[in-house]
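The chains carry the letters A, B and C, assigned in the order they are written, with residues numbered from 1 in each.
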Amino acid sequence: MTFLRRYGRFLLLAFVPIAVGLELTMPENHTAIFCASVVAILPLAAMIGRATDVLADRLGGGIGGLLNATFGNAAELIIGALALREGLFDLVKASLTGSIIGNVLLVFGAAAFVGGLKHPTQHFNRTAAGMGTTMLLLSTIGLVVPAVFHLLAHSGGSGVELKLDTEIAVVLFATYCASLIFTLRTHRSLFGPVSHGSAASDRAHNGSEVRRSVIMLFAATAGVAIVSELLVTSVVATARDLGMTNLFVGVVIVALVGNAAEHFSAVVLAAENKMDAAIAIAVGSSTQIALFVAPALVFLSYLIAPQPMDLLFTTYELVAIALSVLSIAFIAHDGETNWMEGVQLLAVYMILPLGFFFLPG
Amino acid sequence: MTFLRRYGRFLLLAFVPIAVGLELTMPENHTAIFCASVVAILPLAAMIGRATDVLADRLGGGIGGLLNATFGNAAELIIGALALREGLFDLVKASLTGSIIGNVLLVFGAAAFVGGLKHPTQHFNRTAAGMGTTMLLLSTIGLVVPAVFHLLAHSGGSGVELKLDTEIAVVLFATYCASLIFTLRTHRSLFGPVSHGSAASDRAHNGSEVRRSVIMLFAATAGVAIVSELLVTSVVATARDLGMTNLFVGVVIVALVGNAAEHFSAVVLAAENKMDAAIAIAVGSSTQIALFVAPALVFLSYLIAPQPMDLLFTTYELVAIALSVLSIAFIAHDGETNWMEGVQLLAVYMILPLGFFFLPG
Amino acid sequence: MTFLRRYGRFLLLAFVPIAVGLELTMPENHTAIFCASVVAILPLAAMIGRATDVLADRLGGGIGGLLNATFGNAAELIIGALALREGLFDLVKASLTGSIIGNVLLVFGAAAFVGGLKHPTQHFNRTAAGMGTTMLLLSTIGLVVPAVFHLLAHSGGSGVELKLDTEIAVVLFATYCASLIFTLRTHRSLFGPVSHGSAASDRAHNGSEVRRSVIMLFAATAGVAIVSELLVTSVVATARDLGMTNLFVGVVIVALVGNAAEHFSAVVLAAENKMDAAIAIAVGSSTQIALFVAPALVFLSYLIAPQPMDLLFTTYELVAIALSVLSIAFIAHDGETNWMEGVQLLAVYMILPLGFFFLPG
């Protein structure tokens, strides 16, 4: 186990050249390329996470937080941008949906379950958690309004809707910026221990480590960009070959890949009874997806996509997001968790993607 | 009053032979048979409840809890199974809906109101209550997903939907089993005083009482089976005669009958300021209906029904369940109640069945 | 600022004769009449509020509370009744919707934001706040049921629906009466400091002030009636001229006008860290709208409207109300607020009316 935790990353890194090699030698074998890319992204995302932690620690306060916010979801952003360029809007939205529900239900559910097996009741700061769940509710509202509007307006052309969606994206993004001021400046103490939760920050960082981190950050981001390209170009064919819909692949598989690093960290932290850090990762990551990545992709779509992307998620996606947010709110509002609450979140995660699996594309 | 509480049961028991007699002598008088059966089930359900309490107390821990879980909703299960055999799926689902909203709104509302008249503020354990409401949310999700899926998939045949519904039933049932481990084993102390809440457990139980309880349990269950048969065969004709829909009869009348014992216990306990026990009965009973009785009936339907039953509740039923769960969550999350909160729950109960009454069959 | 707070009211009062003058001299200039009426209502509503406070203080307890409940939303009631007489049901419902979401999101959001800028964390009584949000949930249920019923029943004629809606209005109204008993009698201490929150009540009131208040109350109410008449008759033409829908004008502009006094008071109280009073105004005012003004208008419609008004709000209105109630519940359940929570509520207020703006009439 210790060996795997130490060197597993390097073994997984081998999948980066494997994926590229497969693309060069047998470009028609989509499923193999897709699987290799999926595996290859895992260590790269972990490297980005680790390098960001070190730098955030060193730079401290505002800049560190900003760095974390931007690179923390680098994989999601890059995959999203590439899928956007291909006009795969359904896949982009499905992977945003999957990231939100996956972080809230699977990541936090697994963390509460594993942590709960060791500790009868685990406590965390209710104010910080409540803030996070309210942010998620806000995002849900931002996604529900376009859908309800679309149902009611029958506007034919999407001109009005696109305008509404873009304005909503601006409101969500501005709220996200305000929340950075809250988290990093005015109410820093509430969140203080959280950003130091990961194992990396327990050690002192010297100059050479910082330099190494900057290099690692750029190398890993470049790697993610390359591998994501392979992933996005092979995903549609793979889904067809495996008999799955784009929606299911986006919601479950792509989202799992983009958040694998968070999954691992949150569970480890919960097992160490650092529940504040675990919930900050799970809820914070969902919030970033909804309030930063989603609006950023809407803005980006004006530049790089064949046409601007709206915020019109499918009904089932909205129901899934809304139910996930309600679930985490019910569980987190009292500032404590136990293993059964983890089981409950995991059960919701079992039920929701089942529907995505069976739904026709 | 003391007299009635002591001997009322025996008076009501007379309705068992009355119901059977009516069926034998005037089988065409459906309404009379239905009414007699309704009254006859009340003392039988109370006897099952009392016998289960005594045995659970004696056997202790795991087995006692399992007994409680299985026999606690014996009446609902038997009525449901018989209606299933007749293919009356609408009635089955309506009575499940009615049991859930009735327990949450009517039972707990009446308990909070009556208790609140005597005690300005009543307190209970928030962790246990939060656990229960989250379980209810989970059940709601399990019921909402099939409905949304049905709306979106337009799958024509019900093959895919039935598969989805059966898998959801498995997830719900597995979560229920996990919750038994939580309640009876790992976090027993949280729920400890609850299972001892009823008046019966204040006395010591000797051997002869246990023997008597076993006999009572079997006799009462047999009685419920007989009377439920009469109830189910007369309900459709009665509803037609009284100008009510099957839906309304199932949601309001059958559900009230199946839960009468819980109603009475919860109100008495709340008046004695044992609010933990009262909420455990109300929320616990709803949870059992949603996570144990409903999946069990889905599984049973493969064996005894003309065709397997899906989990596709009507939109109005889902809205009613969801709003009930939200109501109890709003009221119970702070671990205290007062009479006004009881009035609020009762008001919601007044509003929701009104719709069922006016809805066309 | 002190000058404006002292004499601003008198300057604004000049708009009462201005509005009347415009109507007499250029009745075809709808937009000017509408704008003048909007401004003229502000000081009148403030006068009603102030006079009611003084009298409630003097009369004390039950009668004072009743006075507050009736006159606190006098402007809304009068505007609603006049619009009812014209058969402008859409406008009536839109202004009810706007009042509810405006109080919850804009008033309380602004209060929490402004208060939060001065005080890192502001606390308030959770029981009173929870009571208020549950009342709002109850109202939402009362408004959702007719809409769902309408969707499902396809009843053609509105006979059955009107009956359902009237009965729901009775239940809501009865619950409101019960809540007055709770607030003013049995649990007075919970709400005690709240009704004394306004600046007016810090002074002793002598006889002449009471007399002056009675006169002020009647004069201001008469003024509101006159100006509301102008407002209602000019609103449809104004909306058309400005290219807005009736819905948007009702939800945003009319609702803002009717609640301007509450807005100002709540923000001032929050800045003084009297958060209990601020939330009581915001949530209490929404509750009064939903449980007192709305049912009262339904009952009134039988007397003065061309035909009885139902409770059938548009889907978007219901979604907006439901999301607002969820937002306040997420934010208020822990009994504390900070500036970021104010921003979150304001962000929701930015998103929801955007949809009303773009929706076709």
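The working rule: a residue touches a chain if its C-beta (ideal position, glycine included) is under 8 Å from a C-beta of that chain, and two chains touch if they have at least 3 such contacts.
Only a predicted model underlies this, so the values are computations on that prediction, with no experimental measurement involved.
Student: Can you tell me the C-alpha superposition angle of chain A onto chain C, nearest 5°?
Tutor: In degrees, rounded to 5: 120.
Student: Same or different for chain B and chain C, where same means more than half of the interface numbers show up on both copies?
Tutor: Chain B and chain C contact each other through largely non-matching residue numbers.
Student: With chain centres taken as the means of their Cα atoms, state the distance from chain B to chain C in Å.
Tutor: 40
Student: Which residues belonging to chain A are in contact with no fewer than two other chains?
Tutor: 333
Student: If we count contacts the way the header does, which residues on chain B are in touch with chain C in the complex?
Tutor: Touch list, chain B to chain C: 120-121, 314-316, 319, 323, 326-327, 330-331, 333-334, 336, 338-341, 343-344, 347-348, 350-352, 354-355, 358-360.
Student: Can you list the residues on chain C that touch chain B in the complex?
Tutor: Checking each residue of chain C against chain B gives 126-127, 130-131, 133-135, 137-138, 141-142, 144-145, 148-149, 151-153, 155, 160-161, 163-164, 167-168, 171-172, 174-175, 178-179, 182, 186-187, 329, 333.
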